[in-house]
Structure formats: C-alpha cells, structure tokens
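Naming follows writing order (A, B, C, D and E), and every chain is counted from residue 1.
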C-alpha cells in the first residue's frame, strides 16, 4: 500500500476527456479531464444538474439508467477501465473503489437487514466467515459514532433515521479501506453538528489509510474545509480545478466567482 | 406547433398504428351489413362445410352459412358489447371509488366490503353462477361479468384517490383556493384516469376472452346469433374436417385481443406526460 | 401482527357473509320452483298439491330473510343441501370432485411458477435483446389466445397428430399434461410479463445500484436482492389469479373431460342443479378468499416496510 | 425594525401534539408565542425536528393546533372552516421545500400559476392568462414557460414558479418553509434576491424557515430560534451574533462553517508557512 | 313371436368359439392381459339397473342380461330364459336356463328372477306401466307370470334392460356402483359420471370372454370421442358424429360400421301453448321443414314419416307424412290468421309474435344442426324459433317449460309399437309432455293391448300413426343412423339396430 502511494508518478485516478450523455439529450459530461493522487481529497462543487453526480458515478461505472459513455477514458491505478465497460470494474467496486450515495437510505435493500447486506458486501471481497465479517462491520459502525452498532446491524433501512443511514453507508464504504472513496453529498441530510462529526471521520479515514476521496457537495464551506483541491462544474464541464485556497481566494472562472459571492455568511463576530 | 405534432406522431408510430387497427375493427363491426357478402343467418344447404371460394371467401359452416359474414356480424356482438361493458364497468367503478375515497368513514367501509365480496367471486365463476341461476344467454352473461368486474375499478380508483390526496400538489391546490369539487375534477381525476384507462384497455381483451369463453361453454350467445366464442363452440366438432370454422373466429379473437393489449401497453407511455414531450 | 390477523379474519367473515348472501339471492331470483325441481329429480311428475306440501316442508313459503337464515345455518354446518342430479349431498359430490380440480389447478400453478419466473427474469435481464423480444412476443400471444382454442390445438397436435398425450380423462399423470398446460399457458404469458415489469422496476431502484457499488456479484444481485423484492407484488398477484385459474378450470375441464368441479358446475347449469351450483360457487369463493388472506398475511410478515395497521 | 403597530399575525400559547398509535405522543410545539408585524420578515431557525414545519402547518391550517390561539388581524383563525378558511388562505400563502411535489404533473405551468386567480374569481380566463405571463416574467422566467409541463423546468425554475403562484394572489403573508434548501447556492441567491425585491415592492409580510442560519439572517428582520418545540429566543438579525444568548443558539452559530473564516485561516497559515520558509 | 329353441345358446358359434377363446387367452393371459377401452356416449349417475335408464348402460357394457333379447334383425332370441310360451291371454311361462350364475356365484333360479323383476317394478315407474303383472310364481327354473290384462307386448317389454336380472339377495344398496348381474363382464370399479371398470366373469354361462378387462369411459362430446379414438385412448366408440366420420375412413386402422337405427329424431309440440294449440300452426310448421335435406345433407340417415322407422314392420308404408312445402305452410299460417304486419319477417296475430322456443340437447351434434336448420327454414315462412340447449332435457320437458322440444328416442325398444304409443302419445302418458290428447287415438291404443294377431296389430299401429300425423301433434324428422367405429384390431363388435347393446362376450382384440 504505502509503496504504491509514495511515488509522484503513480496516480490513483486519471480521467482523460471523458464524455457522457443521456438518451437523446445533450451531453452531461463534456471532455472532463483531471488526475488525482492517492490519499488526496478533491471537492467538487457546482450548479445543480451540472454533472457532479454523473462524474463520480462515471468513476464507478454505474451511470444512471440511460447514461452512456461517449468518449474518453478512465485510468485507475494505471489500468484503463473504459475498455469494455462493465467487465473492467469487476472486482473493483466495493473493494478498491467505494461510494457513498447522496440519498444513502434508498441504496439499501429495504427488505433485508443492514447486517445481511453488510456481511454480504464484505464477503464478496474478503475470504472471511460470516462471523468475522459481522465483527468487522460492528467495528466500523462503532467508529462512525453509532452508539448501538448491534441494533443497527439487525435493523432494516426504514427503521433508521436519515443521519443513521448516512453514517451506515459511510461505514459500509469505509469497511474495506478502499483506495478511492466517492462521496456524493454525504452530509446533506445531517444537521450541522452531525455533519461536522461525519466529516471528521472521513478525513481521518483518508489520513490513516491513504484513501483518495472525491467529495461532491453543494456546500462551498464544507468543500473548502475538507478538500485539498476544489473543482467547479458548470454544464458538464470541469471549468476550474485548483488548490482550495487559490480557488476560494482567487477564482479563475466567472462562474466560480458568482458561486462564491452567493455563499451566505453569518454577519457579525461570534467567537 | 405543427412541428410538435409531427414529432409526436413519429414518436408514437406504434400507438397510432395500433389505434388505427382498433378503429379498423370497430368500423368493420359498424358497417358489417355493408361488407358482409351474405346474411349471417342465411343458410345454404346446398353448400355446407365448403372451404373458401369466391362466393364464400372464408367458407361455410355446417348449415351453409357464410363464415365471413358471421365473423363480421360477430364483431358487432363481440366488440361492441365488450366496449359497452367496459364503459359501464369503468364508469360505475370509478364513480364508486371516488366517492368512497373521498368520503371515507362508514360509506367507504360499506362500499369496500361490497367490493371485497364481489371480488371474492372469481369473474368467470360468478358469471357461471349467474348464468346457472338465471339461465344461459348473452345478456345474462354480460350482466354477470359486469356485476363483479366494476369492483376492481372501484378499488383501484379509491386507492388512487387516497394516495393522490396525500400528494403535496393536492394540498397546494387547496392553497390555490380550489373547492373540493374543483380539486377532484381538476387535480385528482386527471391524475387517476390514465392508469385506469390503461387498465381498461387491457381489460377489453380480458372481457372479450371471458365472453367468448362463456359462449364456448354454451352459456353465452345462443345460436344462431353470430358471436366469435359461440362460433368456435359450434365449430369445434369440425376441428379436423372443416378447420376454417375454428381458425377464422379464433384468429379474430386473437388478433383483436392482442391489439388491445398492445394498445393498452403503448397507451401507458402516451398518457405519461414525462415520456410524451419532444 | 396479532391485531392485524384478527382484523383480517373479521373482514373475512364479513366477506364470507356477503358471498353466501349473494349466492342465496341469486338462487332466490332464479326462475323455477325448487320444490318442483326437487320432486322432478326423483322421477315424479309433481302434482300441485304435492308441490305445495313440499314447499312448506322445505320452508319455501317463508320470507326471504328467514329462508336465508335457515339456509345459512345449514351451510355453516357443512350442509349444502342435496344435488338434484346426483341425489347425494352437495358436499359429497363436491368433495369427490374437488381433488381432481385441485390437482389440475395445482399443477397449472406449478407450471406457471416454474416457467414464468425464469422467463420473466431472463426477459428482464436480457432487456431489449432478441431473447427478451421473443419472450415478450410469446407473452402477448399467450395472453390473447382463448384458452379453449389453444386447448383444441394442443389436443390436435399432441393427441391426434403425435399421439404423445391423451386428450381426455384423468387416468395417469400424462393425461394431466394437456389440460394443465392449456390452463397454464395464458397465465405463464401474463406472469412472465408481469415478472419482467416488476423486475425492471426493481432493477432501476437505487438499492440495486447500491449493491453493485458494494461489489456484490450480478447473480447475487438478481437472486438475493431483486427477486426477493419482486416476490412480494408477484405473490400478491398469484393470489389474485387463483380466481382466473379456478374459473379457467371450468372451461378446460369441460374441454378435456377432466372430472373436476368446473366441469361439474357447467353440467349443473344445464341440469339446473341449483344446490350444486350454490355449493360450487361458495366453495370456489371460499378457496379464493382464503388463499388471498394467506398471501396477504405472508406479504405482511415478509415486508418490514408495511405498517401493519395501515388500511389499504 | 418595523415593530411599530399591531401584529398582523399573532400566535399565543400554541401547542401541537401528534398522537401516535401505540407510541408516545410527540410534542412538536410547546407554548409557542410569536408575532409577525406588517411588512416584516420573521426568520425561524432550529435543528431538524424542532417544530419549524409544524408551526407553519398550524398557521396555514394544514394541521389543527392542539391548544392555543392564532390571531390574524385580530381574528382567531384556528377554528375556521369551509369558505372562511378558503378566504383566509387567499391572504396567507405558503411555499414548500420540495417544489417538484407541488406541481400537478398533468397541469401545465401556466395553468398552475393562473389557477388561484380563477379559483378566487379574481379575473376572467383571458386576463388570468395575461397576468400569468406577467408573473412568470416577474420571477425571472420566460412567458414561453407557461406551455411547459412542470418536469421540464429545473429545480430553481420550479421554485420560482411556485413563488409566482403565491404572489399572484397578492397575499398579506407568505410562509417559506425551507424554500431554498433544495437549491444550490447560486440559485438560492437568485431566489433570495427575488424575495427581498418583492418585499420592497409589495410590503408583503413573511415567515422564512430554514436551518441555515446565514440564509435566514440575510433575509429576515428578526430571527426566532426553535429548540425541541419551543421558541427559545427571538433576536434582531442584525444583532444576532452579538445579542443571542441562549446556549442552543450559540452552539448553532459555532457549528456553522464559514467559508470566509476558512479562507482567512488558510491564508493566515500560508503566510505563516511562507514566513517560516523565508526565515 | 315366440322363440323356443331348445337348449341353444344365443348364437351357435358361441359354444365352439368359447373353448378356443378361453384356451388362447389362458395361454397368453399370463404375460399380457387383454384390455379394451370403450367410449360410452351416455352414462347415468348410478349403475343400478332399476333406476332411470341405467340398465341400458349395463347391457351395452355386457354386464347385465335380460331374460330374452333382440337380435340384429330385431327378432326376440333367448338369453337367460331358454324357453318361453304364452299359456293364455294373461299367462306366460319362462324357463330359466340351467347353470347360470350371478357374478357372486349364486345360481340364477326362477325365484331370483322373480325377485329381480319385482324390484325393477317397485323402483321404477316405467316398470309398473310396461309390465302389468298380477302375480308371479317361481318353481325351480320355471317362472309363471300372470298379467292384469291381455298384454301382447310383454315379451318386448321384458327384454328392456330395465329388467336386467340382478341378485336381490346381495347388498342391493351397493348396486349404485356395483350391481350383481349375470353378464360376461362384472364391475370392478365405477366412478360416477366418468367410467366403469370391468373384468371378465370367469364362470359366465356362455363361456368366459376373451378379453380380460375393459374400461368404459363416458365421453359425451362427439368431438372428444373422435379425438380420443384417434389418439388411441379408446378402441371402440359408438355414435361417432357425422362430421367426424371422414376421419376414420382408413380401413387399415379403423372399422366403421353403420346401419339405420331405431332412433327417431322428433319434436314435441307443446299443444298447451297458446300459439301451438292451433293445429293449423302445427301443420304449417310441419310443412315448413325439409326432412329430406336434413337426412341427406345434414345428419345422414333417412327422412322420417312417422314415429317408427322403415326398419320396423309397424306400418311405415301405410302412412303419409309431411313433405317440405313452404307454400302450403304459408297458406296455412295465413288461414290461421298470422300475418307479418310490421315487416320484421315474423308473422303475428293480434300483436302476438309467432315466436317459439325450441329446447334441445346440447350434446348431440345432429340435434343442434337440425335445430339450426329448422330455425332458418321456419324463418322463411315467418316463424321465429329460439334455441335453448340443455345438458338434459328431461326436467325441462316435464315442467312443460318449452314450446318445442327436440330429441331422439328409440322407438323400437320393445320390438312392438305398443310401448311407444302408450308412453308418448296416449292422453296423459308419462312422456306425452306436450299435452296432446285425442280420445280416438286413446281408444285405438287400448284396442292394441288385447290384439295378439301381429298383422292386425301393425295395421292398428299404422292407423294410430296417421292420426298423430293428421293432428300434427309431433314432428318426426329423421331416422338416425347408428355407427360403431373401432380400431381395426378389435373384433366381435356387432351392430344392433336397437342401441341396448354394444358389446358382448365375443368382443376381443387381435
């Protein structure tokens, strides 16, 4: 692991001129290119519908129904993923690339307990007994600040609150210590206090395990707080990508400037 | 606008095609007297069980009646009757469902238990019961079928009304100052009709098969009235010696039912505004 | 759960009450005098005097509701009266024939399940590929074919032309094949179509994407995620179709001379054997309602999402 | 700021309890007292589940209060029914969080906006169509959009159409319940600008509910902070950071991330690093 | 009409054929039991011969036997009785064959026969009216029957399968499913409405049959019967529908046998119905249908004149029936006052439409085809006919709830005209369900009872038939052909004009 992470040449992900479009419509991603180092956190912000979700789902090979890759390629750990599509991702998903979805509750099977799905996911990748997998799951859940992981494991998705579901999803994604974590608005369902807690967990994961993370969010402040680099999307294009400080203090693109101006700020000093 | 219509039409080619087939059948049924080469009841004992010939394009039956003419007239019974029945069943069911869904309470409970009871009789079996008690005949058959059939629509309409009432856009309609009756007519009905209409289209096939099934058992249309199921029933003895007596009415039922099923299927898309835009 | 069961059982009682009432009402409305019919079935040409006597013996001169009450009392104790035609208790006649019908409908149902599931799943998995089109074409065709027509064709091909299977009767398992197939084919068509739709609906659900994202194998996703979720609506549908099955059995049994209650009912209609028709209708309705109750309870038990006290 | 005169809407001692079958009842509102003055915008903030939406629903009669009174222009409105309720609704409009759900999927946007005008018989069909176009333009949409189905609009456009419908009736009060939470910042800003513009033009009173303290502070004159069903304090928004003293309010303020502070922080750190390097 | 062959078996070939048959089957029987599947076109809901018409099934299946029976020429031949004579006008003597045993091994004595006949009479009304017995005395193998009145048709009547001889000392309550009779086959299983299983009775007096077992399956539908024959599920079927006959023309596979039967297809007029009480209307309808065409084109057989077929010597040549004369029919209707005033093609009088309901049996192809043909022909003379099919007409006919009833009956069942006249045409007779009454006819029928001279009997019968025809109380349509289709490897199936019989001990598979 560590050896892989070391060298500057060894990129985690490289995306070259990726384009994606839905059915008859206009392309939702146009010529998006970027690269990412292991352990790096990139924040993606942008207008609603600008293609943020499409971008990170493209990285997992799970475009929403109707979506098609129309050009470009994705290289993960020097391996080209976009050669014959589905096959390329086999064995990658879950283990090496994990994802936290925006409305995480709906990505859990409603008629199976959290535990059974969790264990199933772990055993899909690691040669573990049911019991061992269960233990690993409990351990990871506890780390996400869930008080009673046993109860969560036995519960169905519908029996958990929004915040609990979101943290469960993060735990499921983190359990296998993936090399790349894709997080689509992971904190939007949480109130400010919990939001802070979850973000701390995520940054710790990246720091400890060298996981690279792509964080999609509406919230400029969250992106700035978490990410080393920030990308801004508009109309399917990655119009700006740069060091966080540079982007928030000295944006290149007109749209980024507009976005920053619109960020509401609490007036007055309160500390 | 013209562009839009044209685009719409090309997109809905299958639907239009099916619709014209359906209309074709209906028109055929309506103008049967003009098209039929013979009186459907006229016998010609000199020419019984003849295969197709210029005089009798689809051959003759055991009494020398023209199969084509009987098929065409049969379309009137089979098709128009089915339409009428579906119309009645639909209207009654939806009306009851809307009332029950809106009033709730005791009225709802009573109506729904009635529906439960009726739905507890499998359609054909209830029809068999009614025909068994009141005697065979097309009228009794059709009455029997519709007596149980509407309950399905009532149930569906009711659950649609109830689920729609929970929708925020119904609340929003109340905020726009709409009165109850306006909410029903402008907000609830337009949203509940499409699934019901699709269901009705699919049911046209089911109803037709039921009617002809009962006729086949000898419980529906009585001779000499031409009805497709009854024609099959009369023709079944000639399965091997005069197969056209079975093939043509069978195909008539088959083709009509399949058209309606496909029509229902594509109507589902057409009625969905989300898929309907260009 | 307990409360839900009690509630459903109470509803069942109400529905059963309705069923018996409607059935009785139908008999009441039917032409012909039961007393006369009964006498005639014994071979006597009844005199008016005798008819009057029997009428009062049977309580036929009493008001409608009183008669219904008496009759219901008997029905509850399993006494459905005596068949005019067979001159035996209706219950005996029914019970003697019910096994044949259950055998037929049961095997048809089995066929439906065994065939339509793989077809539906295959069709959904291979969506918009040629296999899917073939299956869908078959399903539309199967749905639109009158079952008796299909039955005759099957008889002709497998019985007469190929001489593979018997065309009638109930001797041996192979005489079951054609009638069961005739009964099953339209339902297979319907189900494979519905299973496909439900599967597709489920496939587009987020939890499937979630499972893929977690790296769960595609086969596991189909069998352990999509199918269990699809099962609930499909089983509910299966419950509802027992009605179609029982009704269809009447046609198929008549066609294949299958000695079940369906054929018996059709015969009973022609002989105006009212008690037998009554018994038949009530029994079929009861079987149907009970099966659906079981299905409902099972569904509720299986689905953690359903809140048990919600009235649908 | 405009606290002069008598309140247009006044809640006194309002309680709302949700009875739950087999479970403990939820006390969503407990003895809430609040007043809204003419032309004012009252912000309401609070944690998720603190009773903000319940309050809005009670005011608009989507829920019946359990006890307490709500006065509108000196009239007690919690027991209104039928026609008088309908008339009251004309004056108190509401904009919900999820704009997509508000639309009848089979009704075109134009009809959606014009419907209230017809329902309250404010104008004839012809005039209503005219007014609809005006309203659309007023909220920054094009008159062409009237012919579209709701799903053809973007989220921000939808929310603006909803606002257009609400203002069409020229109500005295508009309630916004998380009206901008579903929108991204730039569009949120557009909507907020629109609100402030409307207030200036028409002097409409409003209640603005959000969990985002900064947004509320930007649009409102006063802010009510809710916590576990109670209004724990009401402060002037301009003086929020200085005058808020309830501990919950303070914790809300401290958890909020501020981009500006982050920027300052980072720039500071960078300067330190540069300084250190240069040393 | 008295047979008195001494000690003879019904057919001389029997005795020799018997021994050979037993030996052959004995040798082969060990490995391969011979079995035959036979289709029955009718099966009652019980097997007790004393009830309804169930006896017919038993004689067809060679399970039950009567004292005497008819042969292929409708001559009376010995069966269980090997000798009989008429002692005086009201006294008859029968000698019961020696060595006959019931299926349970009990000997068939005169006393057993007496009890069996008594049972049939007490349980079945038909028995009471066909056999006017005053007393019976049994002594050893001799049975003496005294009738209440001179009964010229006793022999024919006692040959009706109602009087199958059963063992009344057995548990008669089981006869519904397992009657104990004397035929070459005995019942081993019975499923009501479905099938009878039989096996050969080894101690049959005529020698055990060749076949070991048979299954007699009830297939009421012509079409299914034909299909089953084709698919090989059955080996023998009688009454295969006319439309199916072409399927069995291949002589290497099937044997088709067809002869004119004693069945007459005919129509009851319900003369109590207001429209049909007018004889002119009935005559008009009688002229309005084309019997020749029905027989030649639609159903086969022969156009009917009166109730009795030309195969029976009851005066067919001496009577005049109705021909197809639509003009005459119209004229008669005009005379009766029926005009088509409203132009709908149907005549009416005083606002009452000449619309009639014909009930018929749904199972018989020939009936439904003829009914449909009548419907269309009568329409031409302005009479509307509505058809209603039933599985079983009996109840509907007896309830009088019909205008016309179409069915086929066997008019030769006793080999004598008496029975049919008594039961169908006499005033108030059981099957005179149309309310027809002609005192002169009644008187004529009465005279027939005591007329023992055969020629005179037939003359009286002809006279009676002509009366019925003149009154147009019934319509006689066709004389139905009867057929047996069997696989070509089935031998020993004999066609009888009377359909009491179908199988006997000679049936075998090669």
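Throughout what follows, a residue touches a chain if its C-beta (ideal position, glycine included) is under 8 Å from a C-beta of that chain, and two chains touch if they have at least 3 such contacts.
The structure presented is a predicted model; accordingly, all values stated were derived computationally and were not measured.
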By C-beta contact count, A-D versus A-C, the higher one is A-D
Mean of the CA atoms for each chain, then the mean for all of them together: which chain is nearest? C
Centroid comparison with chain A (C-alpha atoms), farthest chain: E
Where centres are the averaged C-alpha coordinates, which chain has the largest centre distance to chain C? D
Between chain D and chain A, distance of the C-alpha-averaged centres to the nearest whole Å: 32
Approximately how many whole Å separate the CA-defined centres of chain C and chain E? 40
Averaged-CA centre spacing for the pair chain E and chain B, given as whole angstrom: 47
Mind checking the centre-to-centre distance between chain A and chain E? Centres are C-alpha means, answer in whole Å. 90
Which residues does chain D have that touch at least 2 chains other than itself? none
Which residue numbers or ranges of chain A touch two or more of the other chains? none
Contacts with 2+ other chains: residues of chain C: 156, 160, 269-270, 272
Touching pairs of chains, all of them, please. A-C, A-D, B-C, B-D, B-E, C-E
Could you please specify the touching residues of chain A with respect to chain D in the complex? 46-49, 191-193, 195-196, 218-222, 224-225, 244-245, 248-249, 255, 258-271
Quick check on the complex: what are the chain D residues that touch chain B? 60, 62, 86, 89-90, 93-94, 96, 98, 101-107, 115-116, 119-120, 149, 151-152, 165, 169
Show which residues of chain B lie in contact with chain E when the two form their complex. 41-43, 45-46, 48-49, 62-63, 135-136, 218, 222-224, 234, 236-242
Which residues of chain B touch chain C in their complex? 113-114, 116-118, 120-136, 159, 205, 209, 212-213, 216-219, 229, 232, 236, 239-240, 246, 250, 253-255, 257-258, 261-262
Chain B residues within the chain D interface of the complex: 167-169, 171-179, 182, 186-187, 190-191, 273-274, 277
